[in-house]
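The structures considered in this document are given below.
Paired with chain B in one complex and with chain C in the other, chain A is shared by the two complexes that follow.
Take a look at the complex of A and B:
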């Protein structure tokens, strides 16, 4: 579910802005760290869960406005270098601010412990994450499918020139899309923190996975991102149960396999 | 001999007296690494963000053989080139199926696959601690443990690599690759198997990366996990771009700037990758086109200034 969330955000950014966002993992990590810090300051998990991703979205807004905006005409190599530089700054910045050693973080009191689902015993917090991620994906989907601005955004994925010809401020659209993608990365990070804790490498690890999800699902293909995220998540969980060491490598193996059979991705359009 | 050749010869001779021989050797081996990427990025128009896959794999395999079987230096270099080419064949076969952003993401994702294999396979690679104890065996009485001699060795190989790359770029193959860069559809229409030529470029680039990887392992006596990490892939992209991709000498200038930059930064602050990130961002925002172009722009300004003074 979290993979789907990450993939969805990245798919939005890469699909609409047509840039490789190598800072996406760092935004994820910042979301997790912000959550831990705000919980430490405010003491309330729910308020923090609201605030931390908004902080990441704000960061995304600034990044797009101050940097990426100047690079749309520059070619992928420079865009890559820019977002890669940003990723370095953000992940090293995390070490500077929060230190090189990660720490664990407990879920709020009412979400501790587990529930008996009849056939298996499942931690409450993980259940909550699944529901929350599902709701977020649903909300994003509703926004993109049912609202006017969402329709404009989808039109932006299809044909940017046409959208700006129709009198829509495409730059504003780009900024909003980047901020939304950053928000989704941030909230995925915030939700992850109580499960896996936080550490400076979490961003890079997630980045590879997010790219796999987008490569499989298709750029700007939101349904594809969700399906690919679920596929990867399940594959990883199954392998982790039998051979823990290979659980990360299997993600990339699945990708290689899918690309061999279907070079255009799961639901390839482009 | 043209001016570029003289400039490079001069740089090769002078460099070890300006910086430590180890750093000087690192600059040239990084230049070999950059040459390989430049064939993809500059000449074929393929932005690979996974070059450290080939660099690191070659360093691990050749390093392992050097360590445990005490193989000959040239044999190790051959192994490195072979491993680099072979891993590039595997990765490239998957990646050339897609183009544009997908291609970039795939090279990165497969880089991560190799990284995690190296990370988990601790009995061979040492995981996070790296694989130490890679020797620099003597050859025909030449003791490569002498840093100056090893530097000379790397310089000669760099010179040879440059020569080989020049031949490749100027050959019909090089022209086909440039045709693919300029217009892929047209190259296909003219009758070239674009995917196969892209793969070939990938394999050649991988071979150069592999050579650089082995030289790296022997230079530092260790294969750190970072050698196969994505930051190394990013660094070589940066070095190639800052030198000016698409020009044969670009990566050489670029790796000089990059290694010098990162060495001086690492002295200043432990968290120097942050400074490096800042440098990336600044270069992208203000100095697109690399050192070569920035230099010529500076030249234009100077000439403009001079002519305006003459008029006054």
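Take a look at the complex of A and C:
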């Protein structure tokens, strides 16, 4: 579910801006760090879970408004280089602010420990993450499918020039899309912190998987990103049950296999 | 005197004088620290550098009156990058004494470069091949033999938990993991331990839920991890999240100690047993002095990484002292068979295998209520120094220079 959440955010940005956002992993990491910091300050996990991704969305908004927007005229190569450089700056920024050594963060008391599902024993917090991520994906989907602004965003992915000719502020659309993508990365990071802890490289680890999800689903295809995220997660879990050594390699094997058969990804490029 | 004459005199003086000054400068001894600054273990590279630098600074960066030029290159925890950079440092900078890197797999590649380039090489890690099947005259191993580690951990854990006979293993799938796993199983047999599962995971694994699910399904009395760094931290965290610890004891058989334990909360550390090549409460004069100096300089106690770099450099410096020479061959010959009281106590170097024979530490993590300060992670409950039995020794001949 977390892979789907990351993939959805990245696909949204890729679809609207036509560039792969290399800073997406760093935004994920900042979401995790902000959650831990906010819990430390206010002492409430649930409020922190609301605030941390909003902080990342705000950062995304600033990045788009102050950085990427100024490079639209320069072309995609410059925007791509900008997000690549930004990823390095944000990763180093994490080390400067929070230090090079990672640390653990416990789930809230109510979600600690596990439950016996009959066939397996599973941590309560992971079950919560599955439900929360599922709801977030559903909410994002409903926003994109059922609201007017969601329709504009989808139209923006299909044909930016047409949307612009209809009198819609395309730059505002880009900013909102980037902030929404950043929010999804941020909340994925915040939800991940009690599972994997935080460390400066956590964004790099996740970025690779997020790109696999986007490529597998079809570049810029939102439904594809959700389906690919779920597919990767399930494939990893199934393979790990029988052949643990291959559980990481299977992510890339699935992508290679699908792209051999369908180079445009599972749901096609938008 | 005309201006031209003055220039001539100046040129003559420079021609005669400067070479004399150059001749008066003793030739520097170039030492290379090949540490990971990028890639896996990049978090450890800077603290490895600290350890080596501290040992050299204790000697005012001089050996036998000659200045030491300490250079650092990034191993990137990649065999290709590390070997290329070591070769460049040897050929370009004149490095003759190499310490590092931090990954067993990469170290084996660097060891081959040391052999080919005929330079001194000291490494600390879990592979037994450096002082085993791929031993040669130029490389030395500082960390305890995987057998010494396994014997210390298994014997002492079983002494404290005699009924915990069903073990599940989580093993890092590379040279270090295989070596330690082999001896854990070997020593485990003598205690009647049943290994109900043994899963291998790739280096850099961060998603341990599937491994832990399998471990939980086996209903073990204890889980033993043979992994390192962030892999070990991620594994320990996930084992806690699944509710195995603290009910089921977790053994980190080959831990970096402080560097890993600081990344876990006291709740996660409860009922964790730790084997390590160093722990900062080691009761030796050298360790106490080093720990005090390190804490004063960096504000936190040293873990295995800086201690290993410090310890290897000190052993090499002891060999320089014994050799009374700065030639690679003389230093190697002096280190073979050396015996000193150093960082972790009595330390010897087996002249037949180049394995450093030294104590290994076994700790039990403290509950939160017993911690006196934030880095009071564990108590040393035992040390062990049983060397690898001769019948297991894979190093048959170190060869010649």
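Rule of thumb we're sticking to: the second predicted complex is superposed on the first by the 260 of 270 C-alpha atoms of A that agree within 3 Å, B and C clash if a C-alpha of one lies under 4 Å from a C-alpha of the other, contacts with A are read in each partner's own complex, and residues count from 1 in each chain.
Rule of thumb we're sticking to: contacts are C-beta pairs under 8 Å (C-beta built on N, C-alpha and C of every residue); 3 or more make two chains touch, one makes a residue touch a chain.
The shown structure was predicted, so the numbers you read here are calculated from the model rather than taken from an experiment.
**Q** Assess the superposed three-chain arrangement around chain A: do chain B and chain C clash, or do they fit?
**A** clash
**Q** Output check: A:204 vs chain B and chain C. Expected answer is one of first, second, both, neither. What do you get?
**A** first
**Q** By the touch definition at the top of the document, which applies to A:57: first (chain B), second (chain C), both, or neither?
**A** In the superposition, A:57 touches no partner, neither chain B nor chain C.
**Q** Let me test your reading of the model: by the given contact rule, A:82 touches which partner, first (chain B), second (chain C), both or neither?
**A** first
**Q** Examine A:212 and indicate which partner it touches, taking first as chain B and second as chain C; both and neither are also allowed.
**A** In the superposed model, A:212 contacts chain B only, not chain C.
**Q** According to the stated criteria, A:248 is in contact with first (chain B), second (chain C), both, or neither; which is it?
**A** both
**Q** If we overlay the two complexes on their shared chain A, which of chain B and chain C does A:20 touch? Say first, second, both or neither.
**A** After superposition on chain A, A:20 lies in contact with chain B alone.
**Q** With chain C in view, single out which of the stretches 20-28, 38-46, 74-82 or 128-136 of chain B clashes with it after superposition.
**A** Only one listed stretch clashes with chain C, namely 128-136.
**Q** Kindly list the residues of chain A that each of chain B and chain C touches, one partner per complex.
**A** Residues 245, 248-249, which sit in both footprints.
**Q** Can you tell me which positions in chain B touch chain A when the two form their complex?
**A** 41, 47, 49, 94, 97-98, 100-102, 104-106, 108-110, 112-113, 116-117, 120, 230-231, 234, 237-238, 241, 245, 271, 273-274, 276-281, 283-285, 288
**Q** Spell out the residues on chain A that touch chain C in their complex, using ranges where they run on.
**A** 100-107, 113-114, 120-123, 125-126, 194-197, 199-202, 205, 236-237, 240-241, 244-245, 247-249
**Q** Across the complex, what residues on chain A touch chain B?
**A** The contact residues of chain A facing chain B are 14, 18-20, 22, 67, 70-71, 74, 76-78, 80-82, 84-89, 92-93, 95-96, 204, 208, 211-212, 214-215, 219, 245-246, 248-249, 252-253, 255-256, 259-260, 263, 265.
**Q** Applying the document's contact rule, which stretches of chain C touch chain A when the two form their complex?
**A** So the residues of chain C in touch with chain A come to 42-43, 46, 173, 199-202, 204-207, 209-211, 213-214, 216-217, 230, 233-234, 237-238, 241-243, 259, 262-265, 267-268.
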